[in-house]
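Structures follow.
The following pair of complexes shares a single chain, chain A, combined with chain B in the former and chain C in the latter.
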Partner chain A sequence: MKKGYLRKFLFLIFLFSFFNISFIKGQNDSLSVEKIEEILTFEPSIQGLYYQLEVKTPKSQLGQIDFEEMNFSKSGDFLLSDTLVSYGKALEIKSLLETKYNLDPFLKYFIFDMVSDRESVNAYLSNLIRNEIFIPGIQITQEEMEGELIILGSKVPFKPFYKLRIKLLQDIKVILLLAILILFIFSSVILVLTMIFIKARKKEKEILTKRFKDLTYEPLSNLLFEKSLEEIMEYSKQDLEQFLPTNYLSKPLFKTVLIQEIISLNKNMKGDFKLKLKLIYRKLDLHQFTLSRLQSKRWDEVATGIVEINEMDLTEALPEMEKLVSNKNFYIRSNAVATQLNLSNDKNLTVLARQKYPLSSWQQMKYLRIIKFLSTQNLVKIIYLLESDNVSVRIFGIRLVRYLGRVDRIAKLSEMYPTASLPEKVEILRSFNALNAESELNHVHDALYSDQEELCLIAIQTLGNIGDENSQAFLIQRLGMIQSFALEKAILTSLATLNKDVFLNFVSTSTKASYMKIKDHLLDPILSNV
Partner chain B sequence: MYSLLFNILVDLLGIFFLFYSFSIIVFYLLTTVLSALEMRDHLRKNKFADYKDIITSPLAPSISIIAPAYNEANTVVQNVKSLLSLHYGKFEVILVNDGSKDDSINKLIENFQLVKTEYAYNESISAKPIKGVYKSENSSYSKLTVVDKENGGKADALNVGINISNNEIIACIDVDCILSSDSLTRMMRPFMEETNRQVIAVGGVIGVANNCDVKDGTVTKYRVPETLLGRFQVIEYFRSFLMGRMAWTRVNGLMLISGAFGFFKRDLVMKVGGYFPKTVGEDMELVVRMRRYMEENKLPYKVGFIPDPLCWTEVPESEQVLSRQRNRWMRGTIETLQLHQKIRLNPEYGIMGMVSYPFWAIFEKMAPIFEILGVIYTIAMIITGDISALYFIGLFILIYFFAIMISSFSILYEEIAYNNYKSSKDLNKLIKTILIEPFVIHPKLMWWGLKGHWDFIKGKGGWGVMIRKGFDKATDKQKVTE
Partner chain C sequence: MKNVLIIEDDRLISSLVQFRLKKDGYNVTMVEDGIAGMNAIENASPDLIITDVMIPFKNGIEIINHAKKFSPKVPIIVLSSLGEEEGTVMEAFNLGASDFIPKPFNPNELAMRVKRLINN
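Showing the complex of A and B:
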């Protein structure tokens, strides 16, 4: 509690330190009356301060004193001296009149044109000194004095001592502020304009796309459902154009929408309808438009072209695809390989085997779909993939053996296993497991004793599926060598799958808590059945 | 003497605030540009992604969805059903009942025909003890596992879920979040796409569900919230997700994945010891620790981000709840930065050490302090008469319009990329919100942030000494015990 108050107190001190400092500063700046008197006396002149002596003399003395010599002029009953700029001089004359002529002169103070009292003079001088407009001991020329700040209100118009332009250019903070403002305005204007432009363009494109979709729907339906394949074959480009709205085919966006609609229908239709769509596509020279996309500098345009080539079976574009299968852009490369696989009818899958870039899971997923389709027509040659220099291609090849159920390649996998990398070994074991490769137990047993937990785990799982009596012994032996709960659970699971009696016998003789826990888990009917 | 010190202090502070403002502006402008580039690329890439393939592909990674629940009895059954209906092939749902005081567990048992099992639970990551692991007798719910445990907080519950999980990817979500049916397929893309480096985590956008229509687990009609605080959070989420995180993703500097919707590589999470339950910023802390592990082991990696609207949540619309949330976020940030102070300006940690960490320290953690100092400075200057009207008005206008510009961009981003808020009335409301936000809401946020600092100093919620000392290595968390 006390600690809390102390922190609050310290915080308040910190907060008020700003005000305290300024207060002290203010005190330090006030001048004493004695100091002011001293400055006034010894300074030859102070900007804005003037003095005048006023004398009321008896008529008897008028002839005795040569007032004109002393620069006095008559004003009614009074004699007034010239305006004096030096306080010291004014005091000197005052003293002379008092001592020599026994007069009682009155010293009048002026701040600029205004008659003031001594108190105002003191305040005025204090202000000048505090604001460093007047520095005692330093004389300012007449020129410099022109345009001085008028502090206490004057009829002289305000003219700043420092010109704004000079001030702006000399102050680094103002320069920075201006730089930020300019940067900010410049950047924001560019960004806002860009965004507005993009949004407007996007909205316009959306409206046009929707309109074009509506415009293509009816002609395509008519051609597909009312015309036979033969009729369409006989049509020329001009004949087909008559089905479409006039002059629209020259617009790139209309062509794009039309192609998208044709592709979309092509995906959902079968037989003659597919042929009709491809014929319409070609007869309208849309394939030229697709091929021209490949020359674009935008990667997404090129990739769109490749997708269209793939969907519409433009086999004449295969040489172009050949150039793009090693493109550094992931999407161009992926789609080009997919197109090549789809259209080239290459059972050897050479386009994949020659891939220099690593294959991602995403690419593999895409290619697997195509290869599965190809393998329904022909037996694809996975061997080239398994012999590729690219490790990710080899891994994909091993996976293909599993996914396509290629039991004929088990021997090849077995041959690869001793020199394979860890990820390859893991995939090979998974393939042995999936294909029930009982002949490969030697490799699996080797892997069981691996230091690599991942490999060991796969080996255990594989043994649960294809293991023999020896495997049971190995599993029990391995169990004694490990501490990992995940491996213990995997081994006991595999053992229970291989031979329940051996498993029950083993766990009944063991007292290890983790084994008991795993045993209960494996024997739980809900966990084993659902 | 005092006068001289005061003048020096004033000048130094003046230069500092000017430089700070300038840096903020530069950073946000960069963020705007980088996020625009990233968004453009994302939208282009999306055109070539066939997400249907992932659902059935044997190559798609398996996912364990971990959803901690505390006193969620009213909604937990519906939320679990929604999770079980997600479109994906290989996934499991692990609901962790974190010692709820209501009847959450009974409702779950009743509705999903759950039975307590003899599940062999192994505490790879230390956590509070579990009371039971439940599975359903009904094979329709075979993907569901419910874990009942003693209360230990969200991070502790997530750690239990990680221990139970069996799949390659773990998805940590808030059970009350609404997930789009294709959320899993879309979030998997970065994990599957990368070729040269490992994607260790992927974050997603959290949308504001207040006042929206929801059908079949997806927001069908977007409306901005009724309250000013709700609307402010819509804009804030745009700024944070569509701009901030997209920009950080562009430079692979993302340090925060929202705890309500984050996907992580399980093996790496296990290696670094799971969530650190002694911090309130467990989501950010885990990402930083995972990144540290990769940097310390010189492994190429990436933290991904998907800006598609896939997850929605109800945001707090009362000041009391929002202030607690912001206080917690601030403490979480401070604690994470404190725990990982070793990476500060350390070139060994790449962009995270040299850019992300300093950014978070200066512009997130210290922002409330610097802002309040700025206000005090300005008041002090007004009192002493040393303020220049030119600076004051110039900077004020600059910062105000800059704030409006950034918020406007975030709305424009959303409009261009997804255009969910179609009604012009909604847009008008959002624009009004951004005009008053700097005066009405921002000061409150700063105040709540300051209170977060104060609570951290007092040692509220965290694990004082450990946090102040920090982790020397990414794997040090495993040495931490209760």
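Showing the complex of A and C:
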């Protein structure tokens, strides 16, 4: 669980950093300062860029320098050069002034007519290059400038894709992004193809199943109606196979369909048809196919195999069932226990008593149906369930005492009661009520004074059925100790059932208004059942 | 040749019953849902109807109701699982079902009842 969270966290950090860095990179798509310096130096001119040198000279030096020769003009205390179009030329003059005359000239940059700083020049040049308005290294003559636009365009070595490819291959983030995208598209394609494949196979299986079903109707009808049980008994496997489409007999799907149809008929038929079906099933070695399902790694396959074993009474599979009754898979376990109960003929119900997993309501319903059937043949021993270490098994055992009307187990329930858990106590009281266990009133009276409302309510209802004179007094006493309307109503109902005179006398002498309302309700022939 | 209509969604059961009744010389029509069943009652002029209670689109009770309106003298046998509510079975009889056979059933017994009802 923690590993899962850690993985998710690291993945989010990775994604965040990836997009964040990519974003910054995307915004910072400019040329380096060194590269710009190089371009400015070697290009004779760049459209819109001009330079001017400004020199502040001491008067003593004015006579020594031939500024006119260098195209400087005076402006106040400063000398200004002509506007230069070549940055290289401007640097050359600047260098001359610095080295030869020991002056400190200042280089001014102009973008069109605006005085700018070096950073603006860099940005301007970067924009020109990025938008391919200016391409370094390409000289266009004056004649060419005056020529046709198409002729001019043909002279430009425009290779944006090449440059983009170089950029992509140099950027590890882009490569990574591309790799993820390719992987995603590849996975999607694989997923779609897999879905199409599975759907096609499912469709094909449905068609085949329908076809195989159609192929089984006639042979099964022939065998069931045209052949007697004795005749089928005398048939060998090969004889029986003659009734069926022999070319499909080796196919697992055909065997599956045939087993399903035999089981379905077995459920819906009675008389010697059942015996015939079981005989056909065994003679065709379909029971071997069923038993092989138990070795499958798929849980649904194993569960299907167990159901088939149960339906077709394959008692030879009981040792295998013994291994599966404690399986961690709910369906395998439930079906294995049901099969074991059904086929083992174990009156002690040990397979249930040994269950380590809690029994669900669905399981209890399933097992009850089987145990009810078993109890019609043999007296099942519920005692082992009542002594189980598993509380849900003990509760099921208590319920069985009630459902099967096992009054012989009342004493055992009575023995269990003092140390039982609350749900067990509730079930024990319900069983006392259902079995009219008047001998166990002492436990019911104890429960009446319980702090647990559920237990108290069951005790009140039980007393309404099996209570005696003492119970009437206890009920009245308990009534004075409670505030719950539900309990008040239950006590008065039980009291009215036990002894109507005592009930009427008690209510008439009472001053509590709610008692009168409950009395009116209980005595009303229509409302009393609401 | 007498016509028997089987309205049953379980193909296997209806095929088996059809096979058994054909052996006795009946002409058998099978349908798998309630609507087809009602159409067959109107068009196939059955001499006897065998219907399940739980079938798609219309239930067995609606089938009996329809059959009694369309051809009131045609006998109807109701096939039903044991788990079916008692009320449904009673309602089927009140509407005029002639017989009731719970599943699991013996096809030979069903064939005998068909014979008896058709002969009557």
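Just so we're on the same page, the second predicted complex is superposed on the first by the 332 of 530 C-alpha atoms of A that agree within 3 Å, B and C clash if a C-alpha of one lies under 4 Å from a C-alpha of the other, contacts with A are read in each partner's own complex, and residues count from 1 in each chain.
As a convention for this text, a contact is a pair of C-beta atoms (placed from the backbone, for glycine too) under 8 Å apart; a residue touches a chain by one contact, two chains touch by 3 or more.
Predicted model only: the values in this text are computed from it and were never measured.
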Checklist entry - Which partner does A:Phe273 reach: the first (chain B), the second (chain C), both, or neither? => result second
Checklist entry - Of the partners chain B and chain C, which touch A:Met114 in the superposed model: first, second, both, neither? => result neither
Item to check | Comparison of chain B and chain C by chain A residues contacted | outcome: B
Checklist entry - Counting only touches as set out at the top, which of chain B and chain C does A:Leu220 meet: first, second, both, neither? => result second
Next on the checklist: Quick check for you: in the superposed arrangement, does A:Ser264 touch first (chain B), second (chain C), both or neither?
Outcome noted: second
Next on the checklist: By the touch definition at the top of the document, which applies to A:Ser187: first (chain B), second (chain C), both, or neither?
Outcome noted: first
Next on the checklist: If we overlay the two complexes on their shared chain A, which of chain B and chain C does A:Leu229 touch? Say first, second, both or neither.
Outcome noted: neither
Item to check | Partner chain in contact with A:Ala473 - chain B first, chain C second, else both or neither | outcome: neither
Next on the checklist: Just checking: does A:Lys366 make contact with chain B only, chain C only, both, or neither of them? Give me first, second, both or neither.
Outcome noted: first
Item to check | chain B versus chain C as contact partner of A:Ile198, first or second or both or neither | outcome: first
Checklist entry - Which residues form the common part of the chain A surface touched by chain B and by chain C? => result none
Next on the checklist: Could you list, by residue number, the parts of chain A that touch chain C in their complex?
Outcome noted: 213, 216-218, 220-222, 224-225, 261, 264-265, 267-271, 273
Next on the checklist: Going by the contact rule set out above, which residues of chain A touch chain B in the complex?
Outcome noted: 7, 15, 18-19, 21-22, 24-25, 28, 173-174, 176-177, 180-181, 183-184, 187-188, 191-192, 195, 198-199, 202, 299-300, 303-304, 307, 330-331, 334-335, 357-362, 364-366, 368-369, 392, 399, 403, 485-486, 489, 514, 517-518, 520-521, 523-524, 526-527, 530
Item to check | chain B residues within the chain A interface of the complex | outcome: 2-3, 5-6, 9, 14-15, 18, 21-22, 25, 29, 32-33, 44-45, 47-48, 50, 53-54, 57-61, 115, 117-122, 124, 135-139, 142, 189, 191-196, 376-377, 379-380, 383-384, 390-391, 394-395, 398, 401-402, 405, 408-409, 412, 415-416, 457
Checklist entry - Across the complex, what residues on chain C touch chain A? => result 10-13, 15-16, 19-20, 23, 103-109
